[in-house]
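First the structure, which I've put down as structure tokens, then a few questions once you've had a look.
In this document, chain identifiers A, B, C and D correspond to the written order of the chains, with residue numbering beginning at 1 in each.
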Amino acid sequence: MSLLGGLLSTVFERRYRGDKGAGQVSRPFADLTVDLMRTTGEGTGMAVARAILDKFAASDDDEKLAFFRHLAEDLTISPEDVRTALDAYEQGQTKASYRKFMTAAEPPRQELIRRLNQVPGATRQLVAMRADLLRLGRGEAALDALDLDFRHLLSSWFNRGFLVLMPITWESPAHILEKIIAYEAVHAIDSWGALRARLEPADRRCFAFFHPAMPDEPLIFVEVALTGGIPGSVQGVLSEDRPVLEAEGADTAVFYSISNCQAGLASISFGNSLIKQVAADLSTALPNLKTFVTLSPIPGFAAWLQEAGYDVPEGDPARLTGLTALYLTTAKRPDGLPRDPVARFHLGNGAEVHRLHANADVSPKGMQQSHGVMVNYLYDLSRVSQNHERYAASSEIAASPEIRALTIAAEKAKA
Amino acid sequence: MSLLGGLLSTVFERRYRGDKGAGQVSRPFADLTVDLMRTTGEGTGMAVARAILDKFAASDDDEKLAFFRHLAEDLTISPEDVRTALDAYEQGQTKASYRKFMTAAEPPRQELIRRLNQVPGATRQLVAMRADLLRLGRGEAALDALDLDFRHLLSSWFNRGFLVLMPITWESPAHILEKIIAYEAVHAIDSWGALRARLEPADRRCFAFFHPAMPDEPLIFVEVALTGGIPGSVQGVLSEDRPVLEAEGADTAVFYSISNCQAGLASISFGNSLIKQVAADLSTALPNLKTFVTLSPIPGFAAWLQEAGYDVPEGDPARLTGLTALYLTTAKRPDGLPRDPVARFHLGNGAEVHRLHANADVSPKGMQQSHGVMVNYLYDLSRVSQNHERYAASSEIAASPEIRALTIAAEKAKA
Amino acid sequence: MSLLGGLLSTVFERRYRGDKGAGQVSRPFADLTVDLMRTTGEGTGMAVARAILDKFAASDDDEKLAFFRHLAEDLTISPEDVRTALDAYEQGQTKASYRKFMTAAEPPRQELIRRLNQVPGATRQLVAMRADLLRLGRGEAALDALDLDFRHLLSSWFNRGFLVLMPITWESPAHILEKIIAYEAVHAIDSWGALRARLEPADRRCFAFFHPAMPDEPLIFVEVALTGGIPGSVQGVLSEDRPVLEAEGADTAVFYSISNCQAGLASISFGNSLIKQVAADLSTALPNLKTFVTLSPIPGFAAWLQEAGYDVPEGDPARLTGLTALYLTTAKRPDGLPRDPVARFHLGNGAEVHRLHANADVSPKGMQQSHGVMVNYLYDLSRVSQNHERYAASSEIAASPEIRALTIAAEKAKA
Amino acid sequence: MSLLGGLLSTVFERRYRGDKGAGQVSRPFADLTVDLMRTTGEGTGMAVARAILDKFAASDDDEKLAFFRHLAEDLTISPEDVRTALDAYEQGQTKASYRKFMTAAEPPRQELIRRLNQVPGATRQLVAMRADLLRLGRGEAALDALDLDFRHLLSSWFNRGFLVLMPITWESPAHILEKIIAYEAVHAIDSWGALRARLEPADRRCFAFFHPAMPDEPLIFVEVALTGGIPGSVQGVLSEDRPVLEAEGADTAVFYSISNCQAGLASISFGNSLIKQVAADLSTALPNLKTFVTLSPIPGFAAWLQEAGYDVPEGDPARLTGLTALYLTTAKRPDGLPRDPVARFHLGNGAEVHRLHANADVSPKGMQQSHGVMVNYLYDLSRVSQNHERYAASSEIAASPEIRALTIAAEKAKA
């Protein structure tokens, strides 16, 4: 959205500020933020807010960093003020003393970001601003702290209750679909024809979360294959030569790809909600679906195998899947959680390690990261809650008897 | 939304929790909030959150008060923890120490409210919850403080950037229109026929703000008459016998009624934004519109007249409007702002006192509150910003030469 | 739509014809129709077509009649031309000779009406024009013939394949709902509150057919009550005090009111399709529904009773329903079809006379037309096709054993 | 749509006909048409109609031809019956005698096609059926006659008043956009990237007509470039390197490509309406647009040059455009209309030959058909009506002074 850009609402603003708009952008950030913070009523700082957003959008990385440091250093909390307000609050817990404490304890940059967000279209720009902050500021303590404020506000605004689940189909708008192509992070989509092959057949589904304030931007999406039974090869799932199933005839929904779309929403998680909501909607629409399962990559397996000093058991799929079972159920991070990031995601959601398949992803990426092995995580609706709680309480990993047996055999072989 | 209510998303949940749902609601609030606060990941506390909302909706006033006091007392800040975290932060301003401070300085009830808001449809319930809090808790210090937390979160969620302006027409859904009838607070609408008379004619407009998370609930709406020149009687404006103007032929847009709809959003103001946005949209659609003006009640005039010991100048409209000018421009609250609440609203927006009309609202309510006098506040787009700033800085009241002259004459007469 | 009215498309037209528009309307109909008929290409006669429609809309009944007679007399077939074209066609059946025959055998007024229909919004005006024709022209042979042309074209344009079924709910636009109130022909709706009571409860449904070219006008609508079992009183069905059923818990859908909305579409029937489509949609959405049944008035019963010389069996409901069974299954028109018009409609659709209820409509209208008796026609999906065929082939009336027994008893009593 | 296909409405039908559906399709066409023609009420023949459509869709060309011949020979008019009905009508012009004549004079296959059209989705299938008829039947007199019936009905159903103009943008559904790629007939679109370049930039527009009964199928579309001044090269217009204009800054709208999409709607013309409607909408939205002009190919020029024995004046653009002017304004068909088909289209709409450009289409196709010359036809809103009338009355070709001068010079040079 350019300074004199398109929204109807700007007509008024344009008259209102006359030619001042252009002038605003040339003022220093620090002056603009002072102006925005001293506006008193709702809506009154709109022109200044827009100027800040426009100026930021036109800035280079050095200027952006300077802006972030300004927020981090000049618009942070004053420990002294906090302490004063806290003392007063302790002496008399009134509405007034609590309000003063709230004001003192929240850094003014949070209010600044809220005021920036008044501008129509600003939410998308603030998400992009945080992406810049993560890219430029990482490791600089004051900017890491600033990011906590961004994350705090964005978490509140991108609350699950505000998100809208939308099916993505071959009838979706092209400008959305081109983002699906761009954001697919698991199994790349290399053409519009390949995209159609994932959306149009009767046995394919795709769903994305959107936020009403940025309706042209998917936040996260999941691709689903409807199958008879649990598949053991992603190339098989994606094969355009496969016989296409009638949706009503499928008994299994396979979540074979989940991609986050917005770098600026990093560590604000939607995946768990997305999978549960999609499973809910699918099971309502297609009552024959009995099994909800992923077909997931194992990104850390090959590296672990090498570190742990195992030879790669080429040509021995049984031994390969045994080692994979060992990796998934026993390889841990220092904090006791599984080493594999995809495992952490699904186990954290309450899924369980269900089945392993050798030669399941024979793409270069698949061979390189896990020697072609893939795993099904099972979302068993009757156990997902209890699995989640055990995992959360004691990092206990839920796994099928088949996986348990593989692990035991692999441990014996190792011994 | 009932416990086993209608949203698709609940199908999964229902399976997930089995019969536990009903059981949840019978547990004490304090147990449920503990459960909700210890959930670890996104989405995992959905069933507990829903149980709390359902239990609250089914509670009587005593139970609601008990719930509010639980939030106010058990889920508030710990000054000691804040002080410890603040000390640590001062000694080393790291990401970790800042995060600990943020956590300590924010009362856990804010996080609780955010988690409640994950449930689809929860936003409307939280707004209603705050309406209950305002009704039941006013004057109790801890509950007044709790309200600041509600207000803080709702202000952030009902940020101008998230609101959607929608025209309300005779083609709008009936369940929205019945709310317009119910919420009209200035000039009552007593039937569907009267509603149609305010929406359907070519010289009428109505607009409302909505929030995407509660799309069936208008937040605030304004009714507009398109006229030739500035009208001086609301009965004239509303007369169904008037000749109806072609919209393209009007030169003036009269905002003759603005009504807030949500008690639970009290003191979260949208009116300024609404008027400006509507003026913007109208001036784009109808370029002949040159004047944007209200026709407003003067709710405090009669009371002030009595308090100040004036006789009511019956049958002397000139002297009556002189006293009204005196009231609007000189009667102040202790804080220096105008005594009249409608005046405070429009002057705060940057409007100016423009013209007075005797016999302008001869309804019983109009006669009783202001002896029939009404006022036009003018939104002059070239001056609204500067008016606002002067009012904000020094409580200076913008008024037309006509009003100034009336005031001077009234002051002379008084002397 | 006024002559210089609102559609975007008219902007071009307005420039195109300059001030000629107003002049057009003042020309005689006969000149305008000549002009319209000699236009050569697609779209070129738009301005003339619009002038004819506008002139007609502004005409009084005498002028309308004169216009209809002009169409009937001046734009009819020429038997001589038909005969010549037919001879030529018989001598050589070529594309050219067939085309000439087609042209000669179709009265030019059909082409005129098609050209009028090019104007955006014209379809609604042509439907209104036919309503005028039926009102003014009935019994005048040439105008009756003209009506056959209107009906021929409207039947083709309002083909089932072009109609759209829409649910009517309390969330429907008010300008549609006010038409539902106005058009309800069976059980009057006397207020918006009464309308809401038929739309909003969980056990109520309403559906209407619309045509895309007149989206603001319902063509026909049906009101449905979802019940447990077959109800025997329309006051019971409509009672606002009844316990409201969850839709999923109902086993029966009762079509208790069907109303045609457009006088100009008389004898172009949609009711059969509407009932079947609604039954289809309901049985998909609510699989527990097993019975599809009407609760219908018997408008001709009281008159027949009187003509046939029966005493009204006051206070003897059994004898009353016996006579009703006799009436419905044996009283015939000269053409052998049932005398009762509602019976003809439902039996023609393949329904069967299922059950009779005394004291089922105790409104003044119900008492007056049928002494309070009402009837259920049953749409049994497994028999509806065969019922229809027998009725069509031999006027055979399908009835339940209960109705058959009642009839036999009544015949015996009579004998 | 398969026999047991997806529409909700079929649920009822499916129950209704049980397993008879599959059986229906195996019966001969002649039996099915007899069944369909003897159905009596609205909607009752739906299952048979669907069977005919399904059977046709599954037929090979020989079977399709046999079906068409069946319609042409067995469901045609009976001259004897027409003559009898005509005689009766002449003896007494009553409603009944007129109705009999109407019935006799219309071949029963028209009623058959109308009944087929009752099936949801049938319109698209009937359009495809006519495409088959045109492909298979051309030159066979009885099938040419049958096509007149198809065309008669489709003309009535695809009446301008029923069409909906929709903008085609990069936000349109992908399944519509892939049809734009497929149907583009003037300047091929070879990738999704090339499509985006014609839709997304601020100085590009595209519009299509749709029919509500086949909403996924564009009927005709036009591509527009917004420019400053009249461009003289289509490669220039399409260049992705050009500076993109703000739409508000353009003074000229260039219709550089118009494509019909439906072979089955051949000779049912929409282009004139489309251009006029688009010009109307654009001039409303962008008041600065003053000139509406095409940049058109001249498909017959090169062939005419060769036939007429001219040398191609390579390297002499002035002489080349002189000959083009001569061709466009003087080369005629036997019927006196211009030889060039694109010229006939635009001149018939009331446009005028405005300007010629050498080297304006240097693609292989452009060089081959017209040695790279292109022409602007101007739609001057003040003259389009009068141009059309003169062209229709006397084949008079409107041309600019520049074109007239070129023609005179070329004629002199020739002499």
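In the analysis below, a contact is a pair of C-beta atoms (placed from the backbone, for glycine too) under 8 Å apart; a residue touches a chain by one contact, two chains touch by 3 or more.
Because the structure is predicted, anything quoted here is derived from the model rather than measured.
Peer 1: Just to be sure I understand the contacts, which chains border both chain D and chain A?
Peer 2: none
Peer 1: Please name the chain that ends up farthest from chain B once chain centres are defined by their CA atoms averaged.
Peer 2: So the farthest one, by centre of C-alpha atoms, is D.
Peer 1: Roughly how far is chain B from chain C, centre to centre by C-alpha average, rounded to an integer in Å?
Peer 2: Computed from C-alpha means, the inter-chain centre distance equals 48 Å.
Peer 1: So what's the Cα centroid distance for chain B and chain D, whole Å?
Peer 2: 55
Peer 1: Determine the centre-to-centre distance between chain C and chain D, using the mean Cα coordinates as centres, and give it in whole Å.
Peer 2: 34
Peer 1: Among the residues of chain D, which are close enough to touch at least two other chains?
Peer 2: Residues of chain D never touch two or more of the other chains.
Peer 1: Among the chains present, which pairs are found to touch?
Peer 2: Going through each pair of chains, those in contact are A-B, A-D, B-C, C-D.
Peer 1: What part of chain D is in contact with chain A in the complex they form?
Peer 2: It is residues 170-178, 192, 196, 200 of chain D that touch chain A.
Peer 1: Across the complex, what residues on chain D touch chain C?
Peer 2: Those residues of chain D that touch chain C are 8-13, 15-18, 40-44, 46, 77, 79, 82-83, 86, 89-90, 93-95, 98-99, 101-102, 105-106, 114, 117-123, 141-142, 144-145, 147-149, 152-153, 155-157, 159-162, 164, 212-213, 269-273, 276-277, 279-281, 283-284, 348-350, 381-382, 384-385, 388, 392.
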